[in-house]
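I've put the structures underneath this note.
There are two complexes below, and they share chain A, which is joined by chain B in the first and by chain C in the second.
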Partner chain A sequence: MSDLDAQTIAYARDTMLPPAPPPRREAGAVRWVRENLFSGPLNIILTLLALWLLWAALRDVLPWAFRGIWRADSVSECRTIRNELYGEGVSAACWGVIRSRWQQLVFGFYPSSELWRPPLALIVFLLAILPVLFANLPRRLLWLAPAAPFAIVWLLWGGPIWGPVAAALGFVLAWVVWKALASRGLLVAFLGALVVSVLYWAFLARPLAAALTSILPLGLTPVRSADFGGFTLSIVIGLSGISLSLPLGVLLALARRSEMFIISKIAVIYIEVIRGVPLIVWLLVAQVLLNYFLPRGTNFDILLRVIIMVTLFAAAYIAEVIRGGLAALPRGQYEAADALGLGYWQAMQLIVLPQALKISIPGIVNSFIGLFKDTTLVSIISLFDPMRMSSTIRATTEWGGIYWELYIFVAAVFFVFCFAMSRYSIWLEQRLERSHR
Partner chain B sequence: MTIAAEPPRRAFRPGQLLYDTRYRGITIQVVALILLVALIAFLVRNLVVNLHALGKDFDFGFLGNRAGYDIGQTLIPYTNNDSHARAALVGILNTLLVAGLGCVTATVLGVLAGVLRLSKNWIVSRLMTVYVEAFRNVPLLLWIVLVYAVLSEATPAPTAFRGEDAEASKLFGLIAFTNRGTYIPSLVWGEGASTLGVVLVLSILAALVWRAFARRRQEATGQPLPVLWVSLALLVLPFALTFLLLGAPLTLDVPTIRETGIARFNGGINVLNSLVALWIALALYTGAFIAEIVRGGILAVSRGQSEAAFALGLRPGRTMRLVILPQALRVIIPPLISQYLNLTKNSSLAVAVGYADVRATLGGVTMNQTGRELESILLLGLFYLVVSLIISGVMNIYNRRIALKER
Partner chain C sequence: MKKSVLLGTLTLAGLAGVAQAATLDDVRGRDALNCGVNPGLTGFAAPDASGKWQGFDVDFCRAVAAATLGDPEKVNYIPLSGETRFTALAAGEVDVLARNSTWTYSRDTDLNLDFPAVNYYDGQGFLVPRALGVTSAKELDGATVCIQTGTTTELNLADFFRVNGITYEPVPIANDAEGRQQYLAGACDTYTTDASGLASVRTTFETPDDHIILPEIISKEPLGPAVRHGDNDWADIVRWTFNALVAAEELGVTSANVAEMAAAPTENPEINRLLGTEGEFGAMMGLEPQWAVQAIQAGGNYGEIFERNLGEATPIGLARGLNAQWTQGGLLYTPPFR
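For the complex of A and B:
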């Protein structure tokens, strides 16, 4: 052993080598580039292809966008400025169209003096919905939610304040009757509340609103639905469709999974028929066909008809998403609820739906994004959504022939909204995931 | 003396219909049915009253009348003297054409983008992320109009193809992209072309038989036979031989520009820009969704599977083909079906660029000309419903076959 020791020691170094930096090509940016961009022949080809694609796409677009002219009131003015700045024939964007037609693109034909109302309505909506979206906000904010729809309708369409107030009173009345009769059985309470509120809306609400208006004429300038346009229209249709279709979708999903034969078949037929036919055709139905099916002489607002149609349409899609969530829930959960002696609605409300909805959040948000994007289809039945608004602007003498600037603006706004929604869904998914463990 | 008494048999009381869970279900269903029937009766009554008041009836006879309008792009012969029914058929075929083209292209794009998004190559995966997010978050209608604008604004006019040193040139000398539509070569069937078709069908059959034989032999003996090369040879060689023997019976009619007079292309097929725009936009849009589905499907296969395949000595290509893809497909197929359905339904946006699909003929011009809104929309809805049900039915059968292989 000692021999071996002596031999090894003879070769041993008695000083530490100073730490050497890794080889040049194995460190820092060079290494990253080698590993991520040029690791093999296929990757080299792909990288070069991607770079070429980027260059081809951006070579003309970027200079065009950055040369863009913001301060101009017509295409011809744009051209004059461009010729002064860059010379004839140089391509330059004319962003001036967005600056000068900003109001139409965002608000449509909403009266200029009332432009504060749509944003305020949006803020009210967000305030009402925030405590639902973010669970760490104080729960007391939830009390805003029931009042919000009335406030939003009043802000958007205007008119005397007493109309929405009188309508809201019907719900208060129903709630009071429900509470008073609750001890006599759920069904009695439900029927009582239904009858009282329907009678109130049918006979009392209108005279009451009229009387209150004559006593205290408080109100906003009424705005016609035809004046809604641009992104205001998209957001009004989108958000009302979203908030109305969710409860309807939940009910449809429950009905489809119900053990009652007739109920589940009705739900199946409804869902499949709605999903089998494109939204455009349904919008066509709302535009030209709905009047055939309503009592003679009824002719209500096209915007309202579109909102109803969009809601009915989205509900079918959301029902399918939620059905997936309900199916993914382990059977034990249903059985445990039964074992605890919970009734159907109690089991659904306390045990099944909270979990099923949690599972289906990504799908629900995807349907919402789809619904919001689909609001552009109303341009085909001649409502002035951003797409139609841009063609209208293009048809004016000042802005004839402006294509890309308007499309890019509309696309960018939609992208911001939809991207935000999808990020929110990812965030929510991760947060709920953690709370499981 | 028995302690256990018979359960009390009380007479049926009406209250049980509400409070006894044995009967409540029936009550609810009966009430729902009554409400539904009442609703339908209400709607139908209104319909009858309204139609009567407007002096209209419910009659599909208008389909036989002369349509009287022209359609730019038709797959079957059609003139404005044909009936509304034929115009509707032209529209239906146009819808199916763009849907079929779109589905194939979208699948290719989507699989490519989905796989590349998982690539280790940073630039490529970022580029694919940008593509997917851009198309998923911007309305389809906008993409269709945008692609249409690109096609009609950024492509040369037919005059640019004139002369010896023309400004614009045809792609591969065959395809001309102009702002008046894309001109593609057409196939001309010469003498004996049908023999060629027979030969092609026979070689396809032979390739399939060879494939089945090779598989059976591999299962029996473990000896693999070359499938790809033999199939390719079976497909190409007989076809090429007959082609040469018969003296080239199949020729391409390449579009050529007229050098004088109105700038038009002679020969070939003119594919309207509306069709191309719709096709490209639908394919790119749906491709972005399919990319996400493919990515999710591949990620759903656990890492251990590919590691096990590598441990068995399979090369990456075979690992993908034999291990990962079959398992990923099970996750991918169901949402893929619904994407195909979505694409078919989205093709109704054709109206934005003036492509004559069924929505534009039956649900557009025909409806406006005849004033038969009810009948037209009913037929239109029925068509889409039938297509949806057929696609989802076929795909469900396929899906069941794939799913059966599960334990």
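For the complex of A and C:
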């Protein structure tokens, strides 16, 4: 071959030509646009259609939003300012309603001198949950988690600090009894801890808290549940529901797959009954029906009732999501755990649940996002969630007839929260990816 | 904390049993009146920018609290939706329901409620654009009508058009907000709901003068406070608190001059009986002799409350109409304080 080449080719270039830039239509944005948007007649038509739709949607909305008037204390003032600035009949948003009522949309009727408390409670919650969410944080931080619920309850509802402290002591007491009795068998220890702590809460906790309060009156201004509103209410209900329903859902999923007849049937009945009835009905049950069963004058906090109902409701959904994860796990994993001689709880804790939960992450986060948005349903029982709050703001003579501004604000805040949850779930999935494919 | 609340509740549930104290004792024991209000209805009840509840119904709550507890601020406002208001009252969650509720036969009898008073005589009306050129509801033949589904207004509308032998086409809407939008977008020729509601919707329009409320009122909607059936003493207190406000207007007693008039007996014995400077009228209901003075000081007499929340000086701008004193052609006619 080389001989032949030597005879037939008179000249061969011995240096490389410098690379020439690709033709302009084959590079950069132009190429991307051509390949992705205008690659064929159908795509050209679809692109143009989409552009037209986008323009049709935004041509009125964007100028409306950017013309928006922030410094006004009523709709009529907004209109006067608009007429001065842009002339009559020009559409302009009246963001003044957000400016003057943001406090109610975010905090409800929470006393304005105490507004630092809900954000601080949220920070405490995040601090407590961070080491659970991000595995690379120091494990010592996990010690915050058991104390956080009491701190959060105290921050949100106020009152003397000794109430939550006395309540927390019950758990400490239960733990001590458990440790003391552990050598006599699990059942004895469990029952002992349960009886002691229940007796303590029923008879000792209140007098103890009262006594401590009289000795050292340390506390925050009490805030009634009725004063919770806006996003504070949504977040309190949503986050309590989320953090309480996950453990409950795991237990329910395990119970449903249990081979013990009664336990699995109880779980099945619970899940099907809760799931078969709309959340609104459960909320109405919480508000109205419970009052019929309880004696007149008992004040069983409405917010607590709602949190319990939302938790029970979400747990049924979480249980089914996790059951899906458990079912997706190959049979061999269970058999391997058995072969290693692990007991039921050890097998679940070390082998089955970590894998099943990983599989279920998208479903779990999906349920959480749904639960968070479902908190707006509490408006039906007249709690002041952001939606109810916006219609209440609209009922004042200053802001009658304001719709879009309030709805857009509420939607934007909800979007931020839900988007953050969704991003976290994607991050977690990627981090836990073990490439079984 | 939560568990202790739950357990405490269960313990209480066991102890308290079916003991039912009189509502007045409950209110005094709690040192606050639980008043069920609308979560937001222009002019009737709504919290202002600082979260303080205001409105026509709210002022009535304040008057009852002042009459029973001596302080108009001792009210827990419990907002109730249309669906849950009566159950909340029956279950004891509120002591009095001042939530623009229409007094009807079935609510009074079947739901076991009592309506001690009518504090606002409302009725269903029609809102039309002036450009439509209609001056009477009877000219609305063939019109499209925006109407809230599942309400008494829907039934009233059907009755009215059938009685007058004209036809209409309903455009169903879910709530006031949607009704306003649909009406302004021209989806319906006329919007119908209670006249007070129409007036407050109209004030939110850019050009209220381009719309008129037709003179026909096609239904009776006597709105009033409601209490549980069975506690007649409490119903008396609610009824006579309202009557005291009406009588005060009739007798010329206002929030400005009530303190002066109550300081010493006046020439008019009826005023003296009302304000407790003559006779033992408060004690007959188990209240302080000055109960009516406190109720009037809370927010003024009926006329003052009306003018402040709904009257012609407010953006809603309602005329007294049926809600004027009987001496001025209205329906307010309080029995004598004697």
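One rule holds in what follows: the second predicted complex is superposed on the first by the 402 of 437 C-alpha atoms of A that agree within 3 Å, B and C clash if a C-alpha of one lies under 4 Å from a C-alpha of the other, contacts with A are read in each partner's own complex, and residues count from 1 in each chain.
Methods note: a residue touches a chain if its C-beta (ideal position, glycine included) is under 8 Å from a C-beta of that chain, and two chains touch if they have at least 3 such contacts.
Remember, predicted model here, so these are calculated numbers, not experimental data.
Superposition of the two structures on chain A shows chain C clashing with chain B.
Of the two partner chains placed by superposition, only chain B is touched by A:187; chain C is not. Residue contacts after overlaying the shared chain place A:382 against chain C, while chain B stays out of touching range. When the two structures are aligned on the shared chain, A:46 is found in touch with chain B, with no touch to chain C. When the two structures are aligned on the shared chain, A:288 is found in touch with chain B and with chain C. When the two complexes are overlaid on their common chain A, residue A:300 makes contact with chain C while staying clear of chain B. By the touch criterion stated above, A:163 is placed in contact with chain C alone, chain B being left untouched.
In the superposition on chain A, A:400 contacts chain C only, with no contact to chain B. Once chain A of one complex is fitted onto chain A of the other, the partner contacts of A:124 are absent, as it touches neither chain B nor chain C. In the superposition on chain A, contact of A:153 is made with chain C only, not with chain B.
With the shared chain A as the reference for superposition, chain B clashes with chain C in the stretch 183-191, and the other listed options (183-191, 291-299, 309-317 or 327-335) are free of clashes. Overlap of the chain B and chain C interfaces on chain A: residues 284, 288, 291-292, 294-296, 379-380, 403.
Residues 18, 25, 28-29, 32-33, 36, 43, 46-47, 49-51, 53, 116, 119-124, 127, 133-134, 136-142, 145-146, 149, 153, 345-346, 348-349, 351-352, 359, 363, 367, 373-374, 377, 380-381, 384-385, 388-389 of chain B are the ones that touch chain A when the two sit in their complex.
Listing the residues of chain A that touch chain C in their complex gives 75-76, 79, 100-101, 104, 109, 112, 150, 153, 163-164, 167, 170, 198, 201-202, 205-206, 226-227, 284, 287-288, 291-292, 294-298, 300-301, 304, 379-382, 384, 388, 391-397, 400-401, 403. Chain C makes touch with chain A in their complex at residues 1-9, 11-13, 16-21, 26, 38-43, 45-51, 76, 78-81, 83-84, 87-88, 91-93, 177, 180-181, 200-201, 203-206, 314-316.
Chain A meets chain B in the complex at residues 35-37, 39, 43, 46-47, 50-51, 53-54, 187, 259-263, 266, 272-273, 275-281, 284-285, 288-289, 291-296, 369, 373-377, 379-380, 387, 403-404, 407, 410-411, 414-415, 418-419, 422.
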